[in-house]
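The data blocks that follow each hold one structure.
Each of the next two complexes has subunit A plus one more chain, namely subunit B in the first and subunit C in the second.
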Partner chain A sequence: MSKIKVDKKSWLISQSELETWLDGIADVRTLIAPRQVSGIMLYRPVAKSNEISWKGITTGSAYAVRPVLSVKEIFFPPTERLFTIQKTGQEIHLKETYPDWETVVFGVRPCDARGAKLLDSLFLDTNPVDSFYARRRGNTTLIGLACKELGPSCFCTSVGGSPNDAHDVDIMLYETNGGYLAEAVTEKGRFLIPGGEWKETTVSPQPSTQTGQFPVPDKGKWPEIFNDDYWVKISERCLSCRACAYVCPTCRCFAVRDEVLGPGQFERIRCWDACAGENYRRVAGGHKPRAEKGERLRNRFYCKFYYYPEQYGLGTASACTGCGRCIDVCPVGVDITEVLMDLEKPT
Partner chain B sequence: MSYEPRIIAFLCTWCSYTGADTAGIARIKSPANIRAIRVPCSGRVSPELVMRAFDQGTDGVLVLGCHIGECHYDTGNHRAAKRLPILHSLMQFAGLEPERFHLDWVSASEGERFSRIATEFTDAVRALGPVSWRVTPGEWQAAVESLLPPEEQDIPMTALDCSGKTDAIRAKAKELLTSREVECVIGYEVGPRGRTRPVFIYTPEETGRLVWNPDASNNLVSYLPVKLKPKGKELPKKVAVVVKPCDSRAVNVLLAENQFTRDQVHVIGVTCEGMRDEGGSLQSKCITCEEHTPVVYDTLIGEPPVKGLAVTVDRPEWLEKLPPPQRMEFWLSQFDRCIRCYACRQACPMCNCPTCLYERDDSTFVGLGIGLNEKRTFHLGRAYHLAGRCVGCNECERACPMNIPIGLLNQKLAEEIEAAFDYHAGLTVTPSPIVTVLSGEYKEG
Partner chain C sequence: MNENPMLPYLGKLVEVRDLATEIKLFRVEMLNGGGEAFRTFQPGQFAFVSAFGLGEAPFGIANASGRGPSVDFAVARLGSVTTGLHELGEGDTVGVRGPLGNWFPMKQFKGKNLIVLGGGIGGAPLRPVIQHVLDHRADYGTLTILWAARHPSLLVFTDEYDEWRAAPDTDLHLTVDSPDEKWDHNVGLITQLLEKLSPSPENTVTITCGPPIMIHFVTKMLQEKMGFAPKTNYVTLEARMHCGMGKCGRCNLGEKLVCVNGPVFNMEEVGELLETFL
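Here is the complex of A and B:
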């Protein structure tokens, strides 16, 4: 990922200019944008800008509305074919299948962009580099859209993010009166911006004044409370489904498997997996390292706030971007912010 | 070359397989399209086998067993006679042409009958052309928007005063915990952000957290099979559970399936005026609900509502009016959104297999990938496994983060079971008629 900082340039554009621009992009590349699909919003390819769910993301809503699934699914799809295997007699041929199309994603919220950045530390910044992820990530340009207000379950400000954080996107758009302030953040983003058509401006976006809602426990605190009864108690209601992990922008566990395609033909796929599932990491002989529900739910929180930051050198940052999706989708009301606040309570 | 369908025939080794042989010996012509698979009994043909056959590219599936009363194992063909028509209607509902799947009876001596059935079936499938069951994504994505359901009739919920019921639940829970009759009360509490959610109460002091309100939607019975499972030789302690009328039916189904015994659970039944959805309207399952008082309880809380809410809104109807290929397109577009998070399965009180058939590492019925074919097989298979067991609490659909109308499948099968067996799951402690063999007499034709 090239993240060479350029002189930040800004433009003021109208809604129709934005739409014309996106239409132009959609003509030559795959444009992915928030789109209404059977009653829910998802990042899906759009052929024209009028297919974008404008009402959901900008005009119709006072606060940030985000698609049900994060942009993770674009770089790390639910199921990905790694290679195909053709067996002819005694001969075996392997054929890798690399994704090669250029993609532009529009309407990425700062929390999602930060999620992609966090995934980079595993897939790109640690050897061996994941070539499939790298290919998709490198071919994708992110057009961010700053949030006006935090949504009802958002808490990005508490985990080090901000509703208009432009660090992890290529182009950032800020809503202004009747239009947008566009800012090129990276060289890759600058490349997409039409030369003389847009009106340049010297106005720079105001940093967000929204502050953290609650303190997040320090990393040092987590090992102390590992064996606490608290985890058993809060996990009793957990159904052990995987909704929280699959909607999360930074959950990245996967399983690799060979599937039969036809006579003598196989494929190796990798598909999402989640620590909440009962058979996660089951080994030969049937041993499950985290057999109890409490251990599995605890792992989710530890992974976000202790294991992942420790392992991939995130410093004081956590692997949670505060998007609040897991809170929205949980069928039984497990709430990550409640857990974080409980841990900060004096015992 | 003209189109020739590929047909899989599951033939019972004791009758129709020999029947096919008889046809051959008598030199009666049978179509060459039939690939016979010999099975020990037509009762062995599970829905997974049929779906797998379609998955692998067959254009039609024929199942032939012994005539009723002539089964080598006495009742194997009763199973087939009860289960396969249900599978037939499910696949038809999912958009498969009804002619592609046929169950019939052929004895070992009826060579002529075998040939006739096989020929008629093959001709019917040939006329339909190749199946669109296994599709590659992209082909169908064209215009599913036009197929979306009509706006549902929203019935706004008036806020009801639930404080009386809340107090009664708290008092009962306190009494049960103080007298140590139960170890734990599973009920509802209002969590942060005002969301009502399940809660497990272990001490009398905590009972103040329990509430009752129109958002108490979770089916708490889904916690019971695990909570009441014996750990080693130790029997778990008794548990009290707060149930709505639909949830109470789930208690009956689980009792009939021996998941726990009646004395292990104290049922606190609460009468119900319907639950709210996120938009504040009456949930769709509640619109047609006719049970407002729990069917099983030790303690009853609340008066049954004076006025029934029964409004006839037939949800699957608009779907059934669509021609089969479009119906399949609709379902595939719905299943395509699935991310296999299994929230539907985990929220379901009836889905309590230790390891789900669709999640086994060694499963040959469905891969672990999150592809369209796997998702379709999972959802249809799960719906089939719930036939005659689903109580319609619709928690699967509510739990689904991707808004897939799973409940429609269950609703359709419940209607089929009602029509065929006059049976509603969970009204009494009786197992589903399609998992039993001798109850629920089969009528030919």
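Here is the complex of A and C:
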């Protein structure tokens, strides 16, 4: 799947050259990278490259692992302030606050980068532009790290991705024997490359040989199976805990609310929310559409494979990047790959 | 629109009055940039109203754009935001974000007979339709209003019934589920009143807003008993949206979003959705 153009510049660098480069970036910008936090790996700011979870992301072990939460949280944080509110008698004063930093994210997996691209179609490409997302996204450079192979719950190759897909990052790094092949994918990425210090190469990254594992139902199939009682059966064990949505690189539902900061002072925030929640769709009169768990779990699958692609013009692509996080996190073993395969079985 | 589309315009409450039990009318005069944003709006559009410190919620705009520079909202006291709004009075500041959503195609309705069916506070987003027709009376055929509530104390805009009745070719029919001793109009569900009137579908469109169950049975009766084509039955749907701009994802009905593809739909469009609004 990797369509790497030959005119792109590439360099061969060692681990220590990589670390020196990242240390230099961290001196002048916020560097975010996979880091161990209380025993789990997350994309978090690092002051030095030695804080990066190198063991977690490079393939010394059997397979490379990805952080528990996707890069979504960098552009679309779990909680974000939209503005502050000052109340003085009958008067109201609103103050806008915007994030103001330049960030480089290192170690981004192709599935996560594609997740960000898919969120762009909603937050950037559909009017009105989401000014918060736009600022964070615009001020961020993504340094990708190709996966050598798929992890146990990964299935990017079944949903149009590839473990070394460089389309959606600014710079892509591929592990080589004893070092990395670095490739500038975008102008923004090229800008970060230290000129002259790195050894340029004409070596091109090898396209991934891993292909699709299973077929995903095509668009036409989804309306046909909407009322199938499969959704009732599969949701029987669903806890409506919403964990699948929070770890998903493309789930983007949010709630907006006001919080108290102090006397007469408030903030309006938005925070992640998810369609699995029982009261998610409750309306003013108490009427509660999608009251059944099966209807809510169904909505999640339809959003990924039918609604979102329809609403935001993805063509035949789906809004699932195959990262497999929802499989890892589900406490009751609802497995998206099993569901997709079940749907393809003749009834 | 502001660069930050989630930032509301400020508005001053110039009038707050009781419309019905636990339902108030809020008349807002927009301040600063809001005046320009709300210079014109269309019947059926909605906006978010903020009770600052408590949050914001979407409401159908309750007046026609031509009726003065203010924007009206009818608010039933139900949750924290609406309770916060009910505690505000004249001179207080609210936030208004909009106008949002699509609208009733009033231009397409020209020359047609209109039947407006409102249930409870569902009458609020229909008031701009009624006002628009009264303000351009010659452009439309007959206007028949079926106005319903559970109890007489829950009927909205009672002080405007005389204006509606006095307009040429305009009829108002009232019904309540449970009457009080002074009630001398129809008793029963709006569908019973509709069945009694049994309107002809000829050159006629209907516009309905109310609880989902009422919309369901009203449009079913119009189609099955009176022979209306689904595309002549317009409805406006409610969803607990949080952004109103197609971002927050909360209001989808199948592949459509109530906020940007609606809130106004005809029943042919509703029928094509994967998901039901019930």
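Heads up, the rule we're going with is that the second predicted complex is superposed on the first by the 338 of 347 C-alpha atoms of A that agree within 3 Å, B and C clash if a C-alpha of one lies under 4 Å from a C-alpha of the other, contacts with A are read in each partner's own complex, and residues count from 1 in each chain.
In this text, contacts are C-beta pairs under 8 Å (C-beta built on N, C-alpha and C of every residue); 3 or more make two chains touch, one makes a residue touch a chain.
Since the structure is predicted, the reported quantities are computational estimates derived from the model, not experimental observations.
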{"item": "Touched partner set for A:193, first subunit B, second subunit C, both or neither", "value": "neither"}
{"item": "Partner chain(s) touched by A:232 [first = subunit B, second = subunit C, both, neither]", "value": "neither"}
{"item": "Contacts of A:314 with subunit B and subunit C, given as first, second, both or neither", "value": "neither"}
{"item": "First, second, both or neither for A:65, with subunit B first and subunit C second", "value": "neither"}
{"item": "Touched partner set for A:130, first subunit B, second subunit C, both or neither", "value": "second"}
{"item": "Which of subunit B and subunit C A:92 touches, first, second, both or neither", "value": "second"}
{"item": "First, second, both or neither for A:257, with subunit B first and subunit C second", "value": "both"}
{"item": "Subunit C-contacting residues of subunit A that also contact subunit B", "value": "255, 257, 282"}
{"item": "Subunit B contact footprint on subunit A (complex, rising order)", "value": "37-40, 42, 68-69, 78-79, 152-153, 233, 236-237, 239-243, 245-247, 255, 257, 259, 269, 271-272, 274, 277-279, 282, 327-329, 331-333, 335, 337-338"}
{"item": "Interface residues, subunit A side, partner subunit C - complex", "value": "82-83, 85, 87, 90-92, 94, 96, 122-123, 126, 128-132, 223, 226, 252-258, 260, 266, 268, 270, 273, 275, 280-285, 287, 289-290, 299, 302-303, 306-307, 310-311"}
{"item": "Parts of subunit B lying in touch with subunit A, wherever the complex brings them together", "value": "148, 191-193, 195-200, 218, 222-223, 333-334, 337, 339-343, 345-347, 355, 359, 361, 367-371, 395, 398-399, 401-403"}
{"item": "Complex interface listing, subunit C residues touching subunit A", "value": "1, 3-8, 10, 52-57, 76, 78-79, 82, 91-93, 95, 211-213, 238-240, 242-243, 245-250, 252, 254-255, 257, 274-278"}
